[in-house]
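In the part that follows, the structures are each spelled out as structure tokens.
In what comes next, chain A is part of two complexes: it sits with chain B in the first one and with chain C in the second one.
Let's turn to the complex of A and B:
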């Protein structure tokens, strides 16, 4: 058995790519993250009113997960409790943190909102993914100054080798006032590795930095 | 999954700057919680806050210098305290440092515009001062962060990635978190009372706590503790409320029991999360009952330290280990009458008896639940 990357999704610069193929591009002009996420949600065609309660980070992750997870068929071949989630980013929940901070800057005009505060934890976006896809396995959220392919690879390998997971959905999801990017990928054990991308730090670095590496089918 | 061994622990809280000091204070029935004023409210908040003058003295006494934030000093002091007990140099390639924190120096966000200032300068200072070989792993997974740090360390050690892992959990009482939990109506105006009928919510606390895990048992003589198994499961039901049936916690407990073959009645006590909110404590009691653990003596330490967020799992594990080594139960302060639907066995007195193993649990926002089994060897 070899660990292979069975699917990956990238969202950046108003585009959504699945396994290197462009699946959605928002009309150019408005680069605002909220507009883009709203547009993407509508294009995805899913009915999930919870989406509108989420902060931008959770919405961004939702859009990438919605593009990748159902299409991959992972939940049909792996028990929901055996799928782990391993995510990271640089600036934690910065957008929600700042939104909450604005409500508490002035002791004389103090109006913290629980619906904002709950998103001031970066792992809430992972919790949202668990609810949406009914995933009940191990979840991890890490912070690092840049996408750390070595750390992701090492810990994901640990999760699978130690029997904590049969498959892992992993990624880097970052959103701040200057921009946004999501890179999600899925690692599974496969009997055949020919034509599939091996799970190595090198593969992760290549996928993260390049919008298109190669195209390949799913593992059955 | 292979076991790993506890080499040493440290706790920096307002009850003391070593694990022994904290353990002694707790057995004397002292709580670090007290009423503190915050500028955004006319009412004081019951919180556990570290005295900055005492912290500065301790920080300077261990050779700390330069510009550190309060959290930075707490972390420095905690890591410096375990450094002397290490069997290797702290800058060895065999060693990884894991930092577990939910909000780090979030107070800085009032003055700066980027989260970069909240976390990384502090991490770099610690990294540079101790000349750490590897880039630290930083876990921010809400209230299970600390316990998850121990589980991650065990997995990395088992896979042979490192021989030693230092796990530090640290968080502050900040206007940021206090105002948020208060807006949630999750804070109690009085001392928090986990699992009690009169419980009315959490008290926040601040602490830094550190545990060193190693591949082999420590060389020192006497009883030792090993981390036998750990598991993490998600409820997948709600982002801020626990599952009513305690599903994720129950599953994590089942996985740990199955992995170790430990019988329910062989567990001497449970160190629960016990935040003293209505829903958390009810959920935990339900999960313990379903797992056949309702007759196992249990406590929550939140009535001594408050909820120390990312530090809680490390701090409470260090206390649980001390309890095992000293063969002495830590009673659950301010507990009078059970306020949960299912039967529980709260620890009421600091009784002594030979002890072998304990279960530590944490649950948090995002639906997370973590469970670890510690055994004396």
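Let's turn to the complex of A and C:
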């Protein structure tokens, strides 16, 4: 089975790119992550009130998935139970963790808010994506210092080679007080869908670090 | 009562992360859950915490809050009936 990267989406610095093409750029000025993600949600034309309840990490992943998954048509050619999800980041759900901590710091003002603490796990982000796109395959969330293309490649390859998944939606989604970054991509069997690039660590590294369009021939 | 309902709208929007809702567009007699404001089970827990945080009301063990959580108006009524009255003198 030849695995190919069939689509990818990047969100960073107030821009959303799909397969290397700029989808939208927020007006310069307010760089607040919540402001940007709400703007992106509205620009994407979504009608999903649950979005507003999500934490920033889940909203960020939602916007990337909403940009990439529907246009890819992956759910039309692969059973929902055969699409696995493999994600990672460096700081887990740090923004929600801190927000929750603030609600319980003071024993005299101790009011943990369920609307906040339900998001104090990064795999909730993956769950939100599953709910939105009705995906029921294996889900995995890993922590690493940075986007680890080798680890992602090995893990994903294992999922597909062992038959645990026919396709995988994968990526790196990180958000903290200093910034945010989402890099989502999907890998499928080349017999099922034409790919942009072969699924190799080199391809993943190149896509993660570059914004320009990359195709077969200019990536190792 | 109407002032309390308007206050509740703002507190619920803030505590339950519903900032896409316009307070003026919320019907105080519409169901809070499913239809209406579209709240879910997590929101029910958040409402319980809201009652304690802002009104000092602890949800009684073993007693359903379902009647109180029917709408904003029933919630406001519940608060008025259960809020602690400061001791005189």
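In this text, the second predicted complex is superposed on the first by the 206 of 220 C-alpha atoms of A that agree within 3 Å, B and C clash if a C-alpha of one lies under 4 Å from a C-alpha of the other, contacts with A are read in each partner's own complex, and residues count from 1 in each chain.
Rule of thumb we're sticking to: a residue touches a chain if its C-beta (ideal position, glycine included) is under 8 Å from a C-beta of that chain, and two chains touch if they have at least 3 such contacts.
Note that the structure is a prediction, hence the values are computed from the model and not measured.
Chemist: Comparing chain B against chain C, which has contacts with more of the residues in chain A?
Modeler: Ranking chain B and chain C by residues of chain A touched puts B first.
Chemist: Considering only the touch criterion stated at the top, classify A:143 as touching first (chain B), second (chain C), both, or neither.
Modeler: first
Chemist: On the A-aligned overlay, A:105 touches which partner chain: chain B = first, chain C = second, or both, or neither?
Modeler: First partner only, chain B.
Chemist: In the overlaid three-chain picture, which partner chain does A:123 touch, first (chain B) or second (chain C), both, or neither?
Modeler: Touch status of A:123: first partner only.
Chemist: So, A:10: does it touch chain B (first), chain C (second), both, or neither?
Modeler: neither
Chemist: Answer with first, second, both or neither: which of chain B and chain C does A:59 touch in the superposed model?
Modeler: Neither partner.
Chemist: Per the contact definition in the header, classify A:114: touching chain B only (first), chain C only (second), both, or neither.
Modeler: A:114 sits against chain B and chain C alike.
Chemist: Using the superposition on chain A as set up above, list the residues of chain A that contact both chain B and chain C.
Modeler: 112-114, 118
Chemist: Any idea which chain A residues touch chain C in the complex?
Modeler: So the residues of chain A in touch with chain C come to 49, 52-54, 111-115, 118.
Chemist: Can you check the complex and tell me which residues of chain A touch chain B?
Modeler: 80-81, 85, 90-92, 94, 97-98, 100-101, 103-105, 107, 110, 112-114, 117-118, 120-124, 126-128, 130-131, 134-145, 148, 151, 154-155, 157-159, 161-164, 176
Chemist: For a test of understanding, state which residues of chain B touch chain A in their complex under the given definition.
Modeler: 1, 39-40, 102-103, 106, 109-110, 113-116, 118-120, 135, 137-142, 148, 152, 155-156, 158-159, 161, 175-176, 179-185, 231-240, 247-248, 251, 365-368
Chemist: What residues of chain C sit close enough to touch chain A in their complex?
Modeler: Those residues of chain C that touch chain A are 15-20, 38, 42-43, 45-46, 49, 52-53.
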